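Multiple structures are listed underneath, in structure tokens.
Okay, so chain A shows up in both of these, paired with chain B first and chain C after.
Our next item is the complex of A and B:
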């Protein structure tokens, strides 16, 4: 019962806000939207505690029948295990905080029922995605969150840019979805089931009896699923939609484009980890793409001026780390980073949202500076968020990111380059995050007189959730402390997630290194490298931007003008896509429209009808159009026919 | 004594009146009424025939014709009203859209 409440409270909230309470005030829609989520969170917490008390064994909760065709079955069954249970708490917990915050953020809007309806619907769809026991239910959620993401990115649809950004997100995700769908089809063709629990049982009991053909198919399945993950989790080369998605309201960026939806790809790969373990080649590709994305996005973030763009590229980069973790077979590390990232990135986005509110919706960091004085609470929580993301020892990012880097280092000689990329990305992360903090909160205030007059701390509705998230960002890391660090409990999270992960017997040899023992000194050394790099990068960022734009920073920008311009323009990827994909597609569509459709197809149809008109015009001159003449002709005709028939 | 021939003669006269009305009346409403007159002439023949051969089939048929006539009148009147709204007249001499 409680379980169904978790699922349907958000849906109920969405229906109530979107259909019933359209004329209600902002407060009402805010309260309804948040109450639905807080209620769902309480139910989720109770369900979760109950689940863990009973031992934390995976259970399938039967819903209703859906598709049944021959041997193909896809019922609405839900899976409650340690992975989906954890995701439940993240989605409803962080979701509640963001819903509460959103009431403050959307304060200046005329009405917000649409906003909260979409947000609630998003949470419902996300829950479908993580709770579904088969690939098809997951796919419903997968598409549903994509839809809500589109609706919310284009929430301020009066501006063409926002609408275009929403459409871009939708279309780019479509490319990934093709991969995901192909993966589902292949899975059914190979194993005759799409249910996760059945697949897992099948793979683990089939053991060595999987034949070469099936192993080959698994390679393609995992690759296709990874293409889907690339779209949703914004990996190279499909990441381009995420930075543009910042056109939406900031709470949306925090909930959808940082904490939950974009991690769906990582979640999905972890869900079918037993398949990925059987496909070492795919795993290698996954790891390489992850590391490349982490580094690529981090370098772009170095020179961005829009506060949300920096965070967006940082999200892409952090997602790269998670994917790298998955690719290395270290799903625990990947999912743990998912958890800590959800906390600190939501915090950073919401903090940025507070700054943007205070700055009257200006997002350019060149106009900020010195906000520490005006917004002490926001400054403090942002500081914690930044320390968490750059991996400052003791904060959550330190434990999760270093775990992934350590796994990359120990995965074998071939992976040292991935470790190198990850570490350089970590250094870049430290630089751009400290730069963001410095440009926003330190140095002189660069805003105009009018904005400065109105600078003030936000209301408690907004900074309250931030404080909770800050506590999580600080403390979350202690759930998975590496063994070398003296601490009462080690690797709690690794132990917790172990039942979800399953390395099939025939792949066990390949993944032996995951459990290999290493010298403590080696781990300390790897840790020291990333911490030193982080500290160096932070200090140089403080040096360059601590008092606004120092002369040195401008000098560097002019000295390395070429690099700076390339990075500012995001490596010209968008331009490249526009000329290589979008323009040819447009030209082709124009050709199909103007030549094939209008000229050829319509030409034939219209030509035939015009020919008919012409021919009938030759004979129709006798038709006067008078009803009586028509009637008379008809009568005479009938009489003639009767005469012939009767006599 | 009224024989079947009387009924048939009356029905013929009614049918001819109706036909002439359809062909020469200029007002659509009256055209419709003439159509009804033709239908009722047929009804009369049916009833008379049914009485002559002592079989109820003809009378049953009349009920069907009345039903169809009612529908036809409904649709026809609706069209007349629509025409009036559109053109402001129900004079048939204005309605020459069928001209080739």
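Our next item is the complex of A and C:
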């Protein structure tokens, strides 16, 4: 019962706000929207505690039948296990905080019923995504969150850019969705079911009896699903929609484009980890794409000036780490980073949102600086967020990111390059995040007089949730402390998630290294490398930007103009896509319309009819209107027919 | 009740025709409106009766009426419903009152004629859906063209004469081929069995010899392909849609096109099964081309209505490939794909019907359909925006709308029949979103660039009244597909598994025990 409340409270909130309360005041919309989420969170917490108290064994909660045709069956069944239970808490918990915060952020709007309706609907869809027991229910959520993302990115639809950004997000995601769909088709064709619990049982009990054809199919299934993950989790080459998605209100960026929706790809791969374990080639591709994305996006973030753009590329980069973790078979590490990232990135986005509110919706860091004086609380929580994301020892990002890097290091010699890419990306992360912190909160204030006069700390509705997130961003890491660190309980999270992960017997040998013992010294050394790199990068950032833009920073930008310009322009990827994909497609469509359709096909149709008219004009009698003539022709015709019939 | 059960299909078909006469005899337009509305509602109630008492456990023909008409030639009057036409019958009867509501405010000297023509069009469509005799089917099939010809030709736009002539000549050319094939089939069947018959019930399961089948199938298929329309026979459609009045477009897209896909499933496939195996690759190929080609063309359109028209080419491509997904080396049709194809016909009727209505709504306010003349309407017409978004989502097959269920099942079945065709067709999922979101963006979003758009009024209660049922149905069909699929499953499985030796048993209505039992239970 409680479980259904978790699912349907947000939907109820969405319907109430979206259809019924369209004339309600902002406060009513805010209270309804937040209450639905807080209610869902309380139910989720109770459900979760109950679930863990009874041992935390996966259970399927059957719902209504949905699609049944031929031998295909996909009911509305839901799965409650340790993975989806944890996601329940993250989505409704962080979701609640962001809903509360949003009331403050959106207070300048005329009305907010639409905003909270979309936000609630998003949570409903996200819950479908994580709770669904089959690929199809997951796909409802998968496309449903995409729809809400589209609507929220384009929330201020009167600007054409926002509408375009929303559309771009939807379409790029749909490219991934085709992959997801093909994955579903192949899964059904190979295993005659799309249910996660049945698939898992089937794969694990089939043991070594899976035949070559099936293994081959699994290779394609995982690859197709990964294409889907690339779309939703903004990996190369489909990441282009996420930076543009920042056009939406900042709470949206925090909830959808940082904490929850974009991690759906990582969640999905973890959900079917038993399939991915059987496809080493796919895993290799996943790991490589993840590492490449982490590094690629981190370098772009180095030179951005828009505070939200920095965070957006940072999100892409951090998602790269999670995907890298999955690709390495270290799903625990990937999911753990998902959790810590959800906390600290939500914190960072909401903090940035507070800054943007105080700055009268200016997002350019060149106009900020010295905000520490005006916004002490925001400064403090942002500092914690930055320390968490750069992996400062003791903060959550340190535990989760280093775990992934360690797994990359121990995955074998050919993975060392991925470790290298991840470590360089970590160094970049430290640089751009400290740079962001410095340019925003330290140094002289560079804003105009008018803005400066109105700088102030935000209301408690906004900074309250930030404090909660800050505590999580600091403490969250202690749930999974590496073995080498002498701490009362280590590897809690690894133990927690173990029942979800299942390496099928025939792949066991390939993944042996995941559990191999390593010398403590080696682990300390690997850790030291990234910590040192992080510290070095942080100090350089402080040096360059601690007192505003130092002369050295400008000198460097001019000295390495080429690199700087390439990075500022995001490697010209958008331009490349526009000229290599969109434009040719448009040209081709135009050709198909004007030449093929209008000129050729319709030309033939009209040509045939004209030819008929010509021929009939030549052979028919002139229109005489003479009854005699028609009568005579009729007579001749009847005579002919009779002749044929009689003889 | 007994009389009703025995004659419900005849009543269903001819109530609209009687209504048409009553409309003509009405002394005033006001009365004529109410007469037509009542007639169409009565028809809808009858269709609901059929729906409610339809037994979803059997693949037989239900509510069957059989009368000898011209015994010497074996021509009978046969009507019946099974899972293949049940949903289309209900859809037709459902859309008609909504359309009448959409033209309620129109007056003009000829409006009475409009209503009468419209009701006779409904008669033609319902008749060709329930007829199980070649001659009757053909009569209804052709009769349907006449009112449509006038609807476009009299109430259409600037180019209406060109469009309506093209529509009627093109369709008619196809029909003549079909007529010729019907006559040949009739004679061949006599030569084979010594019985003259035009009854489908007799013709099923006794296909002519193989090489002849190829010709006959081709003739039938071309006639239906023009109606659907299948690429490359589609060029009449954008012209007809663009010129037709809103009501004409809705019924054309909503039901008439489906008669083409229905014809393929009802006639071409079970009558000539061996030819199906030979032609399937060609037809699926054309269907896949249609999906991609229609979508790319739709994307380029500057006229909203033309865009929706081209989208039909793309969407019906899905229905076509779903009907010809052969599995097991041609031993059977994919039941998943066939289910999807039947279901998608209804979804397309709902979503495209809604889209044409919505284009009509803004056309009436602005007298233009050019996308460039709009923009930012979400601000001045928020409810219109909600409706357009819902229709768009159903059209692009977002999960939770009926469009997804249909498209997904079609793609699943097609993929299992041919991974290549299934994969290429899946591109339609992306391409459909491209043009539909472009449409939404250009109409709803961005700044208001035209002064005239600043004071547009939102939906009127009457507009709400005919749009809301469509929006609700689009979602109900996506969330509760079993409400519909449960009724039609046995018929689909029967055709899918036995299309090579297809037989369908006519059940007299009195023998419809399950239905009667349910009736008793409900009492």
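Methods note: the second predicted complex is superposed on the first by the 592 of 647 C-alpha atoms of A that agree within 3 Å, B and C clash if a C-alpha of one lies under 4 Å from a C-alpha of the other, contacts with A are read in each partner's own complex, and residues count from 1 in each chain.
Keep this in mind: contacts are C-beta pairs under 8 Å (C-beta built on N, C-alpha and C of every residue); 3 or more make two chains touch, one makes a residue touch a chain.
Keep in mind that this is a model prediction, so the values were computed, not measured.
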Touched partner set for A:616, first chain B, second chain C, both or neither: first
Touched partner set for A:502, first chain B, second chain C, both or neither: neither
Which superposed partner A:167 touches (first chain B, second chain C, both, neither): second
Which superposed partner A:635 touches (first chain B, second chain C, both, neither): first
More chain A residues in contact [chain B versus chain C]: C
Contacts of A:144 with chain B and chain C, given as first, second, both or neither: second
First (chain B), second (chain C), both or neither touched by A:70: second
Chain B versus chain C as contact partner of A:202, first or second or both or neither: neither
Common interface residues of chain A - those touching chain B in one complex and chain C in the other: none
Interfacial residue positions of chain C with respect to chain A in the complex: 166, 169-170, 232, 234-236, 293, 296-297, 299-301, 334-336, 339-340, 376, 378-379, 382, 393, 398-400, 405, 408-409, 411-413, 415-416, 422-423, 426-427, 429-430, 433-434, 437-438, 441, 444-448, 479-482, 485, 489, 492-493, 496
For the chain A and chain C complex, residues of the former touching the latter: 22, 64-72, 136, 139-140, 142-144, 147, 150, 154, 157-160, 162-164, 167, 170-171, 174-175, 177-178, 181-182, 184-186, 188-189, 585-586, 588-590, 592-593, 596-597, 601-602, 605-606, 609
Chain B residues touching chain A - in the complex, by the definition given at the top: 19, 22-24, 31, 92-93, 95-100
Of chain A, residues touching chain B in the complex: 616-617, 619-628, 630-632, 635
